[in-house]
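So that you can tell them apart, the chains are marked A, B, C and D in the order they are listed, and the count of residues begins at 1 in each.
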Amino acid sequence: MTIGFIGLGHMGEPMASNLLKAGYKVHVYDVAPEAVKTLVKKGAIAASSIAEMAEECDVIITSVQTGQQVKEICLSQDGIFSHAKPDLLYIDCSSIDVITASTLHAEAKNLRIAMLDAPVSGGVSGAQAGTLTFMVGGGDIDFARAGPFFQAMGKKIVHAGPGSHGQAAKICNNLLLGISMIGVCEAFTLAEKLGLDKKTFFEISAHASGQCWAMTSYCPVPGILENVPANKHYEPGFMAKMMLKDLRLGQHAADMVNASIPLGSLTAELYELYVNSGYGEKDFSGIINFIASKEHN
Amino acid sequence: MTIGFIGLGHMGEPMASNLLKAGYKVHVYDVAPEAVKTLVKKGAIAASSIAEMAEECDVIITSVQTGQQVKEICLSQDGIFSHAKPDLLYIDCSSIDVITASTLHAEAKNLRIAMLDAPVSGGVSGAQAGTLTFMVGGGDIDFARAGPFFQAMGKKIVHAGPGSHGQAAKICNNLLLGISMIGVCEAFTLAEKLGLDKKTFFEISAHASGQCWAMTSYCPVPGILENVPANKHYEPGFMAKMMLKDLRLGQHAADMVNASIPLGSLTAELYELYVNSGYGEKDFSGIINFIASKEHN
Amino acid sequence: MTIGFIGLGHMGEPMASNLLKAGYKVHVYDVAPEAVKTLVKKGAIAASSIAEMAEECDVIITSVQTGQQVKEICLSQDGIFSHAKPDLLYIDCSSIDVITASTLHAEAKNLRIAMLDAPVSGGVSGAQAGTLTFMVGGGDIDFARAGPFFQAMGKKIVHAGPGSHGQAAKICNNLLLGISMIGVCEAFTLAEKLGLDKKTFFEISAHASGQCWAMTSYCPVPGILENVPANKHYEPGFMAKMMLKDLRLGQHAADMVNASIPLGSLTAELYELYVNSGYGEKDFSGIINFIASKEHN
Amino acid sequence: MTIGFIGLGHMGEPMASNLLKAGYKVHVYDVAPEAVKTLVKKGAIAASSIAEMAEECDVIITSVQTGQQVKEICLSQDGIFSHAKPDLLYIDCSSIDVITASTLHAEAKNLRIAMLDAPVSGGVSGAQAGTLTFMVGGGDIDFARAGPFFQAMGKKIVHAGPGSHGQAAKICNNLLLGISMIGVCEAFTLAEKLGLDKKTFFEISAHASGQCWAMTSYCPVPGILENVPANKHYEPGFMAKMMLKDLRLGQHAADMVNASIPLGSLTAELYELYVNSGYGEKDFSGIINFIASKEHN
């Protein structure tokens, strides 16, 4: 059994490495030759093209930036779908829009290719540690078949529903995460300006109705939780520009299905202002400095 | 030792009752004679005026609607402060604005009256069950002295800091609660329109970075958690109009200290629209029907 | 010289009629046979297919709903671009996203087809009266060549810049229109609740710094201006669902170029709530009833 | 006939000067002795106290910062109302909240003192040039009586309605102005990022449905209109912090009368962020730099 892996960036590189560590035979492809070399040193085989990879691999995993890229990798003349082996299992681990994911699932179904959309959360550190969460959309049988590969790269694998529901679940969860994070930033900023001690307020709200993961597991205020970006000058973690990307996907999805997301849209616009101010590569919790009109420390 | 209790509404009535149950001698006062009668039947003594109560009680507790009311009860010619016994402990359990709370603390200090601001959370059911949370602002000694009375009426008592910090803590917590609640409503509405199963999405997000109390302890979607207003036609619980009141207090506090709370303000405006549509006495989680443009069930 | 017209809906039908009135020979095409018949009665020639039309017409105008539709009409195997005469001038009068407009301009340039994007404002009544405004993107020569056709259908023709700038200008203008309209609704709702006489407030603000077209030419409050939708039970005019469409195009454009439009996004979400409440086919000024929590009259 | 003037700041000083120029006898009072001296040099008489002024003047005008200050000036033991001559006409030109204005009108009525609330617009330059606009609340007879004094200080005098309606009208107008201004900033920022020429877009939108005073009389983009703050490094004009003050008054008024102002509240929060970033004394049109994430030029 051979696995092909396309897209060896910050996320893809450690994910492919973990597949190698788990003993799988892995073919790799990336537009950047350096990225390929790194994996080859760890035991991977360099594919000369996507078409060649498709002709040789039983499972192909993609991890790239945009829906447009996934579309080209899958649907172009030299792409995966035109050159797939009869029994291919195709897994897209990119975070992309629901429409593109649905389009690809439909096309895969036409061609009788098994497909899963499986966006991840957990960031670069989760990819390295093999502790990612996968939110997976697709059929039961395909989901079961993919289990071992997900296990090699992550810790928690959830089946969100049929095709494209992995993307949908991630978008909805991150919409809520973005809103909660700015909510926490506003509450702590107001609390500080009202003279409340930050630790006291944390103790109160963490055990009251304001509790949320963004506060109790990822507090944006320095000096409260250990090992969170707030205590490391907001080094990511989960970059603000990636949160912005997910929130924009939320707006597109909401437009598509006629949903109103007033707080979600405002959250996107605030992240846009934050990213445009030059902080896109800071952790997304760094937006507390924007809300409080403070310089980054 | 005698306790005076002013304000026998939905909250005050069960709170005073719990003091009686705990064995305290309680004098009561309210502008509504019916409310007084109910308490007298349970063993309370009707005070003929606030001044008379002040002259006889060692501890006085107020539980009313607005800062203006508290001000009048305390500062008018016939009010508490002009008629207080030398060792009075005055506890205001109303939810009011920080400026009024600070003004009253300053005046109390001038007159050497011990004062605590102690707004509660937990709603009518918490008041009845004696499980309220008190967020308390004031000095250490006064906080210690008030312990037994809070214990008789509640379960969790937190010392938020000096005078007015009880109000500040409650406002900041409820600001975050309001934001989280609408965030949850948006996420579930979008999820449903994208075809996700509500229970599946709950399972995913409850264990992921979108988790928050508003979802996992008070889910606004029917059919997920037992014993929440969503399963009782949104009977409160915590009324939407009370959430709106707290969010407006948040805006006032933010104005006072020059804090920006964009999501908090938008949340207040959405609750205003919801309340103005005739749903002010529904539970605050009922706003999911407004976000989803659904009729209340 | 022969003109082809594709898309004979509420807007396209009167636009094509006005070309006939101006003496042009017009071939028409629509998926709905009824729409074609109506135009044929007025002197148009029914084209049997888009390809046939392309082979016979010197100028082709499209007026459809979505960017996806324009794409298919232009780029499919049987579409305009594959069958165009050497000197074709192609004019798209649909309101679509900037990316699709840019893609089509690029493709047209490759094939040496002259193209203009020329979205309109003025609504159905403007289309019927021949008083539309055209915001046009494309080259100077093509703009000049198209002048007579625009004159036959509209009153004001502005050259917004090179390809896709017609769409860009319309999106930005309507973003501002949507924001102004809700601003006017909020100001008049607050004014009314504060007891101000609506006509007095109109007189004051119409001559002060709050003045805007949405107030002084299209006032959403009944009883102030004649001949506006507010005085006709909010019959359109410009439907709320069309305003929502333009605002969503604004969000997409902002996402594409990394612009932050906080008020624009919130305006879109408020229109989404209004449309989802069942008022999508009311005039967009009817949102004053939503802001004021009033029933439509 | 003697006029008393209290509050000789940026606005009050030129207003009082214009009364002197018009030939009135003016008594002045301010907590800052320097401000008094300046006016005395111009022919004013220094009042030793507010009480003394009240005992001597037929008309008293106040121009101060906050409702709290006006309250003290009027209602304290040594204030205007306790020492007023029988026929006093009291005019408050400060911009304050509607509740305080109403309270003062009620108290004045009790004491049979004629009162007008008359907030101004036009800024420091308007005060100097004597071209202010007065929005006036109060009775018809008092409005008529005050005419000559307003004429001496301003150009446009509008009667908004009975007591407090001057404040109400100004708050509602400036709410709309703030919203329009940010709308213009968003539209031009998006237009620029989409590649539109700013002058071309101005020409289009200024004659289309996006037109508003904030664009066509006060354009926040440099290089379009002459003599606007955008061409003078955003020197005020109308300071951002004063716009923020008016928007916060709008939120308070909306809270008081249960109005929802979603765009208005968001506008206030964006101005709060702008002011907190250190630009409170820039012109309010400078917020375009915040929206566009640009440095001030």
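Please note the rule applied: a contact is a pair of C-beta atoms (placed from the backbone, for glycine too) under 8 Å apart; a residue touches a chain by one contact, two chains touch by 3 or more.
This one's a predicted model, so the numbers in the text were calculated from it and none came from an experiment.
In this assembly, the chain whose C-alpha centre lies farthest from subunit B is C. Comparing chain pairs B-D and B-C by the number of C-beta pairs in contact, the larger count belongs to B-D.
Separation between the centroids of subunit B and subunit D, computed from CA atoms only, is 37 Å.
In terms of their C-alpha centroids, the spacing between subunit C and subunit D amounts to 39 Å. For the pair subunit B and subunit C, the distance between mean C-alpha positions equals 50 Å. Looking at subunit D, residues 254, 258-262, 266, 270, 273, 276, 291-293 sit in touch with two or more other chains.
Put simply, subunit D touches subunit C in their complex at residues 98, 121, 133, 135, 156, 158-162, 164-165, 168-169, 171-177, 179-180, 182-184, 186-191, 193-197, 200-201, 203-205, 207-215, 217-218, 250, 253-254, 257-264, 266-267, 270, 291-293. Those residues of subunit C that touch subunit A in the complex are listed here as 248, 251-252, 254-255, 258-262, 265-266, 268-270, 272-273, 275-276.
Considering their complex, residues 262, 266, 273, 276-278, 290-293 of subunit B touch subunit C.
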